Amino acid sequence: MDYSQFLAMKQEISLLVLFLLVFLSDTFASNRGCKTIGGLTCVLFGLFTLWGFCPVVIGSDTVTAFEGMYETSPAIVAIKNILNVGVLIVLIQSLKWTASENQVIRRGEFYELLLLTLFGMYLMMSGRHFLVFVIGLECASLPLAAMVAFNKHRYESHEAAAKYILTAVFSSAVLLMGLSFVYGLTGSLYYGHIADSMFSASTSNIVMLVVALAFVISGLGFKLSLVPFHLWTADVYQGAPTSVTSYLSVISKGSAAFAFLVILWQVFGQVYSEAWEWMLYALIILTITIGNLFAIRQQNLKRFLAFSSISQAGYIMLGIIGDNAMGEAALMFYILVYIFSNLAAFGVIGAIENNCGKVSMTDYNGLYKTNPRLAVTMMLAMFSLAGIPPFAGFFSKFFIFTSAINQGSVAIYVLVLIALINTIISLYYYLLVVKAMFIKEEDEFTVAPFRSALTERIGMWVCVAGILGLGLVSWFYDSLLSVVGF
Amino acid sequence: MESVGSIIMYLVIALSIILFSVLTVTTRKILRSATFLLFTLFATAALYFKLDYEFLGAVQIAVYAGGIVVLFVFSIFLTTHPGDSSEKLVSKKKVLGVFAALLTFAVAAFALLYRCGMALTKLPEMENPKMHEIGTALMGTGEYQYLLPFEAISVLLLACIIGGVVVARKR
Amino acid sequence: MFSNILIYFVVIPVIMLAGLALCRNIKQIRAVAVTGSLALTALSIYLLVDYLGLRAAGHTEQMLFTGAWDWFKPLHIQLAVGVDGISVAMLILSSIILLTGSFASWKINPLPKEFFLWLILLSTGVFGFFISIDLFTMFMFYEVALIPMYLLIGVWGSGNKNYSAMKLTLMLMGGSAFLMLGLIGIYYHSSANPETLTWNLLEISQNGAISKGWQYFLFPMTFVGFGVLGAMFPFHTWSPDGHASAPTAVSMLHAGVLMKLGGYGCFRVAIYLMPEAANDLAWIFLILTGISVVYGAFSACVQTDLKYINAYSSVSHCGLVLFAILMLNTTAMTGAIMQMLSHGLMTALFFALIGMIYGRTHTRDITKMGGLMKIMPFLAVCYVIAGMASLGLPGLSGFVAEMTIFVGSFEHADMFHRVFTIVACCSIVITAVYILRVVGKLLLGPVQDEHHLKLTDAEWWERTATVTLIISVAAIGCFPNFFADLIRWTFSSDIFSVIGMN
Amino acid sequence: MDITILYYLVPSLIMFCCGVYGFITRRNMIAMLISLELMLNAVDINFVVFNRFLYPENMEGMFFTLFAIAIAAAETALAIAIIINVFRSAKNISVSDLSKMKH
Amino acid sequence: MEATIPVLILAIPLFMFLFLGLLGKFMSHKMAGILGTAGMGVTLLLAYFTAYVYFFSGTPEFVDAAGNRLQFVVFNVDWLQFYENLVIRLGFLLDPISAMMLVVITTISFMVHLYSNGYMRDHHGVYEHGFQRIYAFLALFSFSMLGLVVATNIFQMYIFWELVGASSYLLIGFYYVKPSAVSASKKAFIVTRFADLGFLIGILILSYYTGTFSFTDLTSVNVATDTFAVNLGTADHIKNIFANSAVPVFMGGSVLTWALVLIFMGGMGKSAMLPLHIWLPDAMEGPTPVSALIHAATMVVAGVYLVARLFPLYLMETTALEIITVVGAVTALYAAMVACTQLDIKRVLAFSTISQIAFMMVSLGVARPEFHEGLGYMASMFHLFTHAMFKALLFLCAGAIIHAVGSNDYTSMHGLRKHMPVTHITFLIGCLAIAGIIPFSGFFSKDEILSSCLGHGWVPYVWMSFVAGLTAFYMFRLYFLIFWWKEHKVPQGHHQPHDQAWPMTVPLVILAAITCVAGFIPFGKLVSWDGVSYDFMAHFDWSVASVSLLVAVVAILIAMKMYMKENPLPEKMRNALPALWTWCYHRFYWDELYMFITHKIIFNGICRPIAWFDRHIIDGTMDGFAYVTNKASYAIRGLQSGKIQMYVWVYLIGVLLLGLVTAICLL
């Protein structure tokens, strides 16, 4: 009974402390204090994020606790830090929205839920036991349903929440079914134990393993919105408040991707070529292609970004399929860049939505004439998402392709080629947004000139700085490579 | 070779699980559906008992049957208008549902039965887990001990509570 | 790092970008654009002199002014620069065209600041591409050069600009999709030892580790990738629409420089690194490029839009570039590079003139114009000179380039190459047909439209732009050996010994 | 007759399939939730059965089930809260009304 | 010999072109005219000096001990290097024919410069629009033509070949507002371009196998000192190259044959041989002095000059010479027949030019060293020389007449002899010369040609004699119709035609004088294919001479009978052979045929379909990708039905298929 093992979970514990502070101040603070809760959370979370970069937290080696149930390593700290940065931006960007008339009463809960889901994601990534993982997963997705429903006055918000929770529970049922098969095959839920007996399991009952794997992948694919498990994504992104959508699209997705990587490599690494390599090929191709095809027609920008994020998820998966350390770094870097790019886009969308409630692409016609800075930010985000140099997205795409091809088979070349051809389609729809803003003439529906709130601007500035700097400054990627031991 | 009583008991449990499951999803009235769910859960609990997991059976009854089903019933009362108690299934949906269910069954059965070795395992001897052991395992930090999940799920429950409150709050 | 002269080809545009961002009015914008591009021109000429001096002093390295600074060290990505004669020539070409392009867009409207920002960004990519010898940075700059086209055409273009801009961007990006795959593939086969993989062109070619089987796969990828930008049949269709819709300076820069990126890349990456596959697979692309040459010329004969004519003519001429590169011998490849220079300059001249004429008459339909020689003699004479350069009049650049190509191509003794060479030769006749057709309809003959009579001749900035280009065209045409020597050096080194090239 | 593991797995599987069927066919959201409970319950049975038959030496499956029950409870609670919310704004809990956002 | 003077010969015209072209519009018309003429005058003197030095100084550079004339490379500058040996050089080659051509070109060019001073003005002395321009272009042309004839290598020749083409284009299209002039210039350029394609390919073949462009290498006859030469050795060496069995044979012809025929194709274009002759009649749209210079005297004989230049190579492969003979003979007859029916005096002269050039071609084609030491070669060059003079004279006369009358059509002329006596006399001299009447120059040169034809066989001799007769006939037809036929009627409001001002008459007189005496130049002493001097009078065949004289006189008499006085005989003749007349009048419908080929077949049959194909098939495919993508996007939108149960269904089926397919694949 060595309770000191909890001390290994520095980030989780400090996050919970942070949560408690927020929770307590929300519950017991006066009305005046209530107003500062957003700022307080941001400041605290900023400190917490910085804390993550402390050498004490990072350490230099892998630490396991609870007899292998929990693990932290520089790479895991790094991905958590990446997510923290993203969450910080989300928090800053959401300040205006949470202070709005309809939300002000619930904003404390917004921050609390956000922190708790983040805690869940930490568990997903750090847990090395399926029970911990499942709890983390649920903790990361169930409160999100409540957050999706935050816009009480909008029916879409409720619809989205209902859709989200029903499919989430369904997918977790399927996931659990898969896990039960895995358990049946290997007799344990510890990642390490499963991996140990994976080889014999694969020889004794490959079909069961494959089916179990399919179920498990689907459960994670749901979080990551891989096709065909993605169908909830667009509706939920559209219906949810923009801050929640941005959180869903980057943080939740990023953590799921990393957890996916951990599970596939650590648990099923032995049966890579036997079982899941081809499954992933199929999923990646489907995800990228179908995501792109849907994105082409979207008029609602949030929905549009939902499909774009689906296809981005496909690219993220390319980091996994390489099955090497470079892929892990590339995946983390991709997530990092994706966070900045996508949050820049959501920042603009959110700012405009908060200001005049417009989210349709046609409302953006001639935006450059009325709000040049927003338009430029949006354009940078789109270019970065599309992978245009010198913006960060180019580098992340390039590295993820490079890491995938490192695997070396001809099939991977074909896969990457398909992915690359898909980038053309994606470029097309990203350019549609740029076209609307820069080329089309403004009309009576165009967003009128306005000045966005300071916090929103800070958020966007940070994102723009990230989009411009993350790729060109090699330190980021190099240090990611070093933490994964490449 | 098991005892006849055991077999009969198994048959009762298994058949009631199957029967009530089917009834749960086929009955038209939502309240009946909840009732059949309750029966299914009871049967499941019985199965746990039969497999010597008495604590688990108790929890099943307490939490599932006692908590969740009640929750269902309340919510049914909250959301149902007197008039629309029954629903009619669209046949297209039915076909899709049957297809999906059968396919699921087929795939899962294929997975379980292919190279049938595992499927023929007989019930091994096992001592009933003592409450003491269960408690220790729940509070311990060693291997096969579950303090971390225990703490984690408390966070999860807290999160769900907060979420529930937010969602349920009127404004 | 900043002691290397080449870096300034990127630094100056970046400073220009910053300067433009601070500009408040059109005069400042023009000042920045002209000063910057003059600085670049001066720099490139200085580089030329310096380069020749070093070569004369006996420096026989493949590339001079090399420098490499680690960028993404674990992946061996460097910011590696270096030039040989070809790059120097290309840098001069780019700077001249940027300079004249700035003059040609003297009165750009609306949003002049944004226009120049994008234009300079584009040229940053171009310059960066030509100085890079690291595949990654090269590719990065390549894409940097592509994307501004979209907005430049979309915002400042004319006609069916949305469609054209989108098509151009997507097709070129499609090409770069293949290219990216090829480049990554090259990286993974760049060295026999997995520890010393490299993106550096020179090292890769020295290692020569790409096996023949992989070359067969990677060569088409890279060649097609660059070939799309080089308007290789059947991936050329972005060119007519794109050029037709683009504003003047953009057409100039695009046809003049950007399309050269394609040819340059085909040589520098596809053939330079994978000579064996190039040797074995050249026939496929020879057929395609041979078709390009003749097909583009024939298509140009029936167009009525000036820009379409020139765009198809570009297809034909750029096809000749790729065609010659694939001949894989010193003379033909020298000719190819000279054709790139020549075509760059004269097509820029064409587009500048077309832009100027269009700016006055507001139509590019040659059936609606006529007798412009009487109305705007300066522009008309320049147009005739451009036309003469295009159809290969000796003393102008087109002739020397084409002749070098034909003589080089004819070095192949087998019937296949011979037949295609002769087919390509035929293009000079067709070129004459469409050039003279345009000259006849547009400039000569009676005035078609009464309203045109009151139009004015070129302004001083327009004269500056065109005269600069004409002087450049004539310089190549009159002193070809200077340029040929500059270029030929690269090919005479031992890189192609693999395939027994001379 | 030996009651092997299969005899326990099949009812659980059937239960799961019933859940699937119910989820796909029922219009009432609460009914769908009930179907989900069936599925979760089937999974629980699986774990228990695997534990009992194959790996009786420890209690992984049992504990998993234990926690799964808790999770299921939490899920159900939250889902019902949301459904009630939908009901409040739409006065209906038919899933067919839940398709305002599409394509 | 110092290089200064040769350089100046080329540089002065080039400078005049740039000077007048760039600054012409800032100076007065008169000034431009004077400067241009003066520049050409200096060039003329320098050229004469050079030729004099070459022929008569007797320096060992030019003549060897045996008195044979040598080829001498005055200077040779690397211009563009392809390979170590394969270099385009710009240089100055002096040998008999280039020296002769220097004289011809500068003489005619100077005359034309002078003449244009008068011609490019109207009756009131007002200069035409673009007066400076024509001087610039004339200077450009002179530069190019001089560069062509002194070329040291075949590629230099090609370069200047193209340049003369371009300057010819500019000059034909001088009146660019006239659509007919525009299309004529275009036609001239394109047709010659097409021919040049052959020339280019010929060069490629030749240079590939021989490894050199240099004339001194290729022809290797009596080379003096060419430090630039590859020195392949003798003609045998070249022969050996092609005799090598490794050198392929294509469609029955040896490589050398193909090369030579293709090179001759270039000559056919420039020299307007059938079937590439169609541009020359139209080229008369240019100002008449230009026609005199380019399309009568100098540029059009470039083809002959080319063949002459490569003559030793042609001798190696007589198949090509046979082809030249046939083409020349057919062209000569064709052009003469057509010339008999034309109404436009410049056209008659144009066809006459074609016919005369064909004479030169035939003469080259039949020349063999075995016969009279290659008399044909000398005859051809001689005829080139004499023809240049008298044809320029005729054109300039025609120009004077047109200038006086204001029309090209001789139906508006008639009976001008009284009004324009100087023109009349000089024109008559020209006609007599071309008809081959002793002692005018044409007699001598034509006689040599016929002699060498006879040396080759009866058929060419009879054929060419007949053509010579036709020549005499149509020239005098022209003469009589202009100056006799009936009294001149001045249309209302027009001036009485009269002789022109001195800038226009002086050249006529000078050229007429040359025409009278040129026949007595001992040409064989100066020009021969291998540089060996000989006295061609030794080969003079009086029987041939008398026959040809007889033919000419008879033809003149017929013409006199028909056209001296107004009479219905021509009408009757026309009606007697209506078909022949119509075909001749319509130039055997060659233009229509070309029109059909270019317009119907190439333009409508190739270009348009290709353009269509490009827009609709190739581009359509690219657009098709976009269309298909969009359609696919639309087609699968049902997937996102908004119905959660469908979502789950898809999800589930997806999972199951994923597992199932993978499992089945693995088994």
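We just call them A, B, C, D and E in the order they show up, numbering each chain from 1.
Here is the rule we use: a residue touches a chain if its C-beta (ideal position, glycine included) is under 8 Å from a C-beta of that chain, and two chains touch if they have at least 3 such contacts.
Just so we're clear, the structure is a prediction, and the values are computed from it rather than from any experiment.
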Path length in steps (a step moves to a chain that is touched) from subunit A to subunit E: 1
Mutual neighbours - chains that touch subunit A and subunit D alike: B, E
By count of C-beta pairs in contact, the leading pair of chains: B-D
Core chain by centroid distance, with centroids computed from Cα atoms only: C
Per Cα centroids, the chain farthest from subunit E: B
Most distant chain from subunit C, judged by the mean position of its C-alpha atoms: B
Centre-of-Cα separation between subunit C and subunit B, whole angstrom: 70
Separation of subunit B from subunit E, taking each centre as the mean of its C-alpha atoms, in whole Å: 102
Subunit C and subunit E, separation of their C-alpha mean positions in angstrom: 37
Where subunit D and subunit E are represented by their mean Cα positions, the distance between them in whole Å: 96
Two or more partner chains touched - positions in subunit D: 16, 19-20, 23-25, 32-33, 54, 60, 63, 67, 71, 74-75, 78, 81-83, 85, 98, 100-103
Subunit A: positions in contact with at least two other chains: 131, 135, 138, 142-143, 145-146, 149, 152, 161-163, 166, 170, 174, 177, 181, 184, 207, 210-211, 234-235, 297, 428
For subunit B, residues that touch 2 or more chains besides their own: 93, 96-97, 100, 104, 107-108, 110-112, 118, 146, 149, 153, 156, 160, 163-164, 167
Pairs of chains found to touch, sorted by chain label: A-B, A-C, A-D, A-E, B-D, B-E, C-E, D-E
Interfacial residue positions of subunit C with respect to subunit E in the complex: 167, 170-171, 233-234, 236-238, 240-241, 295, 298-299, 301-303, 330-331, 371, 373-374, 388, 391-395, 399-400, 403-404, 406-408, 410-411, 421-422, 425-426, 428-429, 432-433, 436-437, 440, 443-446, 480-481, 484-485, 488
Complex contacts: residues of subunit E adjacent to subunit D: 637, 640-645, 648-649, 652
Touching residues on subunit D, where the partner in the complex is subunit E: 20, 23-25, 32, 95-96, 98-103
Interface residues, subunit E side, partner subunit C - complex: 78-83, 86, 88, 155, 158-160, 162-163, 166, 169, 173, 176-179, 182-183, 185-186, 189-190, 193-194, 196-197, 200-201, 204-205, 207-208, 603, 606-608, 610-611, 614, 618-619, 621-623, 626
Subunit D residues touching subunit A - in the complex, by the definition given at the top: 16, 19, 23, 29, 32-33, 36, 39-40, 42-43, 46-47, 50-51, 54-55, 60-61, 63-64, 67-68, 71, 74-75, 78-79, 81-83, 85-86, 89-90, 98, 100-103
